[in-house]
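Input: one structure, supplied below.
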Amino acid sequence: MKRILILGLMAILVMGIYNYAVYDPYQKTTMPFEERDSQAYLSRSVNGDPGEVVYGKSTNLENGAANTVAAIVVDYRSFDTLGEVTVLFISSLGVAFLSGGFGKTIRLKHKPSFLLQYGARFVFGIILVFGAYMFLHGHLTPGGGFPGGAIIAASALVLYLGGESSGEKMKAFKILEGAAGSLYVLSGIVGLYFAGFFMQNVLPSGIVGHLFSAGIMPVIYILIGLKVGSELTGILDYFMREEVSS
Amino acid sequence: MQMNPVLTIALPLILAFTKIMYRRIANLFLVLGSLLNVLVVFFIKEGQYLMGGYAPPFGIVLQVDAYALYSLLVLNVLFAALTILVTKKAENLTSSSLIALAALNGLILTGDLFNLFVFLEIAAIAAIIIASSSKRYHHAFHYMVASIIGSTFYLLGLILLYKQYGTLNMAKMHELMLASPGGSSVAVILIFVGLAVEVKLMPFSGWVKGVLKNADEWIGPMIGAIYGGAMMIVMGRLFTDVFVVSPKVTLLLSILALVTLVGGEAAAYDSEKMREILLYSGVAQSGLEILLILNGYAALSFILILSNMMAKYVMFLLSGYIVNAAGTDVLGDLKGLFRSNPFLGFAFTAAGLSLAGLPLFVGFFIKLNILYNLMMSHSYWLPAIILITSLVEGIYMLRMILGLWQTGLEVQETGIQIISPSNIKTKYAVHAITLILSLAMVVFGLMPDYALDLAQKARGNAVADKPAMMIGMKGGPGQ
Amino acid sequence: MNALQSIGTGLGMALFGWLLQTTISGVTRKVIARIQKRRGPVWYQNFRDIMKLLNKRSVTHGWAFDFGLLVALAGAIGTAMFMPVAGIVAFKGFDNFFMIIYLAALGVFGRALSSGSSGNPLATIGVMRGLTQNIGYKVPYMLLVIALISYYRTSSISEIVELQRVSGWSVLVMPLGFVVAFISLHGMLGKKPFDTYLAPAEIASGPLVEYGGKQLGILMIAHELSVFIEVSLFVNLFLGGGATLPEFLLKYAFIYILSSSLGAVMGRFRIEQVVRFYYKVPIALTIVQILMLAVMRGGVR
Amino acid sequence: MNIIHLILGLFLAGIAAYGIGRLKPAAASWLTLAASWAALLILFLGGDTLAGGNAWGLLAFKMTPLGWFFSMTLLFVYSTNTFFNLSVPAAPTRQAAYPMLYLISLASTIGVFSAENWLALFIFWEIVLWSSTFMIGFGKPGRGSIIYFGMSLLGSFMMLFAILVMGTAYQTFEVKGALMAAAQSPGPALLVFLLMLFSAMVKLGITPFHIWMPEAYHEAPDHFAPVLAGGLSKLGAFTALMVTSFLPASTLMAQPWQVRGLPLLTYILLTVSAVSIVIGTLMAIKQEDAKKLLAYSSVANSGYIMIGMLMGTPMSVSGALVHLLAHALATTVTFMVMAAVARQTGTTRMDELGGLLHRMPITFLAFLTAILSLVGLPPMLGFVSKWLILQSLASQGLFLVAAAAIFGSIGSLLYAFRILSTVFLGQLKPKHRQVREAPAVLLIPLLLLSGVTLVLGIYPYGLVQYTAKIENSLGFADTVQITGLSIQGNNGNLNALLIMGAFAIGFLIALGIFLKAPKSRKVDLMDTYTGGEFIYSPELYSYSTNFFAPLERVYAGLPEISRLYEALANRVRDLGTLVQYLFFSPLPSRTALLISVVTILLIWGEAI
Amino acid sequence: MMELLSLSLLFLGMYGLITKHHVLKMIVSMNVMEIGLNLFITSLGYQESHLAPILSSKFPSSALNFVDPLPQSLVLTSIVIGVGTTAVALAFAKKIYMDYGTLDLEKIEGRL
């Protein structure tokens, strides 16, 4: 009974929101796409109209990434992404804090089968490379630093499943994580002191669609990828460990 | 020399990132970072600061006006003071604290609604981690659930606003909303609810009790004072500078705020424990602050937020030390505690009296001006309710303070103290900082004009139709 | 009239009052004895008693014991000096009702002080009873007099007497009030059934328990004087005083002997009964009286 | 030297007293003595023309006759009481903060009486409030200081509300100007009038607001209770008189209903004050603790002051002012005596005391003077004021109020005798055999204050003349008249000197008779008539508990007003518990549910 | 329709949060909420017959009709934040289980 009631409440809530904010048959409260801010991202015309942007031809755009979403994430609204990275960072810190430090790795109850044990090592490299591809190619195709990092972490997960233990490698991950994060912020500060704005795209943007095109974007994606990868791996690792009894 | 405000965000972040490589000197990082931030704040000039060189409606901007600047100053100074005082507690939380600082600065500075959401999330997770250091994990989890619901609502409202206005920039949003405010109420309500969870507005503040009733000298000032203040400043920013709220919504939300004010004071009156009293009174105060914000008393709400933040900071800090020394915060067991610690007692008393709005302390003039301005708009009911709640607040505040000064019956009869937390073991820095803060309350209480003028300047133009008329010691209107 | 003359008149009034009352109380003893079918003492027995007591050996319980007595007698003499009798008034314009009541109360307070300091709890209980009773009869009495003052627009006793000569006695103005005032007077005089505070069999004469010798003598003088004040105040306020001395004496004797005779044929109330009686009957009657006045005359003013 | 210097000097002396008190407590007490007597001297010499001035914005001061009268009264109370500061028991009360708070509250009272601006007045008012609260806190532990603070805060907030109403409606905060502006235009004047008077009533302890008095007086340190009782409650009278004279009730409505020539509102308030007299008297009669008894007597006496002010005739106002001074002096003495008694014996419970007159005769004499003045018997000052007030009542024909006044007057005899008899008369307790007279330093203020009571009672003309001056300054058309040595009432005259003379003659005669008669033999207190019983224990041979039992039984069922406030506080508590239960559940699901429900309400509430 | 469905999903998650006291179930509910929200955001940026906002050799010009890219990028951020919070929440779950031996919050509250 109680549950039905609550379900009803939720329905009323959904109806309320939908009815008064979303449902808009006459387009009264909906801004047409053409007038939204995001149009400027599509046409790369935030700081001046460059005319029609053509794949493989346009050069010296304010942002040379073919992937507009990536352009927004890493360039136009890169500050958000810094925050995003920070969220992940603080989550991993939180997991670390809650886990109470480095304990012994929890042994899985079952022994991994032969196929898993060796298959994991075999797949590990392939996944790793795929992850790297993801963040290197993020400004051109769907993907980017976060999926790339997650894929890298997935490769670590596969290794765990295969019975590997991370051991002392975590230290290195920590350093990687810290360094990548610091470099990200530093790149922003570099922009601030060399070009006048925090996180300014200081590198030249090449031709739209080329690998070396979007200025600092690929670099940042690499940093993000590394950082996210090491962070997620770290989180995984913390979950796999016992608490240090202190 | 001029500094870019983004440094107040970037510096702590970079220190937090690098800190994990240098575990040994973690504390140094924290103290250094927060002090550096204070230094930076002094060199920030007002203005608009672009991120990545993209012009405002499209790129993210940091909006530095007097409002942001003063809040930033108070927040960073309080934070730095805390890091100096409570190094031991913060040892494992260095990075989280630095990130919390960055996030709070970001919250205050940012001029972009989605960026605000990101900082909100960072701040929330940092706060949860800080809160979990009291080892009450289910309470911290409660906080987490609440803040996730809050941020979900915030984002939902935000995206509805984006759908309607096609922008995320605060300034542009404000202009568009001014032009056509219709249809945005649901989104505004959702955003309000989302933030209300963080500012401890009452039906949404279930988490507060669990987190703050066990707060130590680190969690208390952090979550109870600094976080609450910063979130409230965000609230003030959004609901005066950005959103155009319809009168009906204002009324509904004001009722909510009023319920919080009354209920919070009643709950505090009911409590017998020091920290519970403080937390409930914080809830009630946030009700009052929101009431002012919603009704357009921007300058008043601003100065109220700042002074409450300072007072709560002192009180939570000292309550943490008291609990450390006495092992309890039941008021009945703490009788006569301040007898042997007169300076801490003085600081606590000044903060409490200021919070209750008694003269000689800055709280009085703030309350006076609130009432005066509310009355100027010819409403007698609201001031009456505020006065009644102030009465309740004054009573429990003084009950608490007097209880801490007054020795119990047993003590008077036998001369032996039952519990002997006679000397709360603190550093002299605690004495110094709490005394400075409480003296500041006295000084501003005697010369409120300066503070009132600053608030007026910072927020005087925020709401055109309700310019606050400030009564200071120099006199006011009609003099 | 110069000051010395006034003082002389006042002292004469006090002496007169004492002589009058002592005589009349002697006469009354005789009357009561007749009522109770006894022979009774001679009419000047009270003078004899006082003189005898003043010359006897005595004990004291400390200086406050004596000091209180002196205050009591001084209060009584001082009050009596202001009392207008048959058109003779020592201090013209100052024979104020409130003043008389309060100065008389000083005498009462002196008595209470003295007997309280004796250290005998019976005396303290007696005083307690006396005060308890006091509150019961004084309130309606004073309220009535205030109504009178408000009616005559003066609080000077002699002027009230003068005005009654013009407009008739106050009894006619407030008949119920007269009854109440008489009951009050009865209480003030400590006649049965209202002599609970003395109650010889119960608390051994209460306040008087420790007195003997000159202390008792002085107390008796003070008592006679205060009876004089009470009765003549009553006569002046409600019965139009007297244009001539005989008229005044007649009224005075009538009221006092009436009260005493009534006392002679009644039993004594217990203190609970006194409280219950006094806090109901006179107050209720007073309220009725004042309401009547208000209704009949459209307000007293 | 002007008021600003005076106030500032006292503030600074207070802060200095704290510093000195940390090092040497006794020196700080001496500082309070020196500072307050110096202030008294300055104010006395300066008179009501003492220069005012504009210190800092709101803080503008101007001495008026009314302010001077009140300042002098309070300063006198404060400065005489400093002798008690010198000789307080050691241990927890002797804190460095006490002299500081003492001087700060003293400075603030002068601020209240001389402020030109309501806001400044309020600020000082509140400083007095919290400083006195802390000083009460130095006494016995208990709820007294909180009740005091809570009730006073209620009063202050009512006053603040009224001040703000004036400030917003009439655009001025000037003390006199704002009230006069209110008198000009009805508008919210009624609200201002009521709130101001209520706040004054809280301070004065008029009935529905009196509950703090017994608790606070009882718990206050013995050496602070005199100031609290004799001094601070008089702050209320100050504002009350301001309001009733500048904003009389007759101006509040165009055609007010009248009762006996007074506006209905005034009549109602008079009735409330009358009830206060009755309740104060009844409660005083049944107290077991001397300080509580005196506290309730203050409730009753405040009723007289209030009545005098509300009637608003020259005589009644004069009576109120004289009564205020009389009560201030007398009640200060009584509390000082209690402090002395408590210092020498360690208790103020009446059933533990008795017979002290034989051990502390000078204290007893001072107490006797004071209690006579409280009861209103000649030749004390209290008589003059009661006479004036009763005169006015009689000429107004306010019988209900008059009945209460009379009741209070006669009832005061009861409790006065009770406290006198149980503390000073009766059997001396064996454990008090060794009690000695209070030290000379405590006797100085006692004799000083009771001397003033007596002298002013015999020769009140200058005082009454000054009240006439005050009435002039308050804008009264006619004032109380004095010709020669007689105070002209509406329906009678008073010559206090004559009364004293008559009494003195009587006393001389009595003394002559007494001395003429043979000398009597002094016997022990136990050597009394016992009705044949063999009594060996003085403790059993005294009558002190349940003193007025037959009378108390009559009104034993009278509900106590403090229950009302307790019920109110309990409702607030209940609300708090409910809020804690509903909104602060430890389960996250509850929070989620609340968020959803409230959001639904908000969204649909907005839409509908 | 998409909007309604995703909103329903969001508040289905909310329903889970309200009715469940089990920590893991609550975490799942939170995830459901997030997914619902993310879907909702993307749905608001979607328009039929518009292209994904990526230039490629097949759709080379910015003059073409693309869907709104901003909600998509917001969703990217939001997803990552969701991952972070989930991680922390899971850590809490682990910790709560270790401390109290149960994941049922009602039982924990009852025990305290």
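Some observations on this one:
The letters A, B, C, D and E name the chains in turn, as written, and every chain counts its residues from 1.
The rule is simple: a contact is a pair of C-beta atoms (placed from the backbone, for glycine too) under 8 Å apart; a residue touches a chain by one contact, two chains touch by 3 or more.
None of these values were measured; they are calculated from a predicted model.
With steps allowed only between chains in touch, the distance from subunit A over to subunit C comes to 2. Comparing the CA-atom centres of all chains against that of subunit C, the greatest distance is found for A. Across the structure, the highest number of inter-chain C-beta contacts is found for C-D.
A separation of 34 Å divides the Cα centre of subunit C from that of subunit D. Between subunit C and subunit E, the centres computed from C-alpha atoms are 97 Å apart. In this assembly, the C-alpha centroid of subunit B lies 42 Å from the C-alpha centroid of subunit D. Note: centroid distance subunit D to subunit E, computed from Cα atoms, is 68 Å. Touching two or more other chains at once are residues 6, 10, 13, 16-17, 20, 22, 36-38, 41, 77, 80, 83-84, 87, 90-91, 94, 98 of subunit A.
Multi-chain contact residues of subunit E (touching two or more other chains): 10-11, 14, 17-19, 26, 70, 77, 81, 84-85, 88, 92, 95, 105, 109.
Residue positions of subunit C with contacts to 2 or more other chains are absent.
Going by the touch rule set out above, the chain pairs that meet are A-B, A-D, A-E, B-D, B-E, C-D, D-E. If you check the complex, the residues on subunit E that touch subunit A are 3-4, 7-8, 10-12, 14-15, 18-19, 45, 47, 50, 52-57, 59-63, 66-70, 72-73, 76-77, 79-81, 83-85, 87-88, 90-92, 94-95, 98. Within the complex, the subunit D residues that touch subunit A are 593, 596-597, 599-600, 603-604, 606-607. Remark: subunit E residues 10, 14, 17, 23, 26, 30, 33-34, 37, 40-41, 44, 70-71, 74, 77-78, 81, 84-85, 88-89, 92-93, 95-96, 99-100, 105, 108-109 touch subunit B in the complex. Residues of subunit B that touch subunit D in their complex: 138-139, 141-142, 145-146, 149-150, 153, 185-186, 189-190, 192-193, 197, 202-210, 246, 248-249, 252-253, 256, 262-264, 266-271, 280, 335-336, 339, 342, 353, 358-360, 364, 368, 371-372, 375-376, 378, 380, 383-384, 387-388, 390-392, 394-395, 398-399, 402, 405-409, 411-412, 415, 449, 471-479.
Within the complex formed with subunit D, the residues of subunit E that make contact are 11, 14, 17-21, 26, 105-106, 109, 112.
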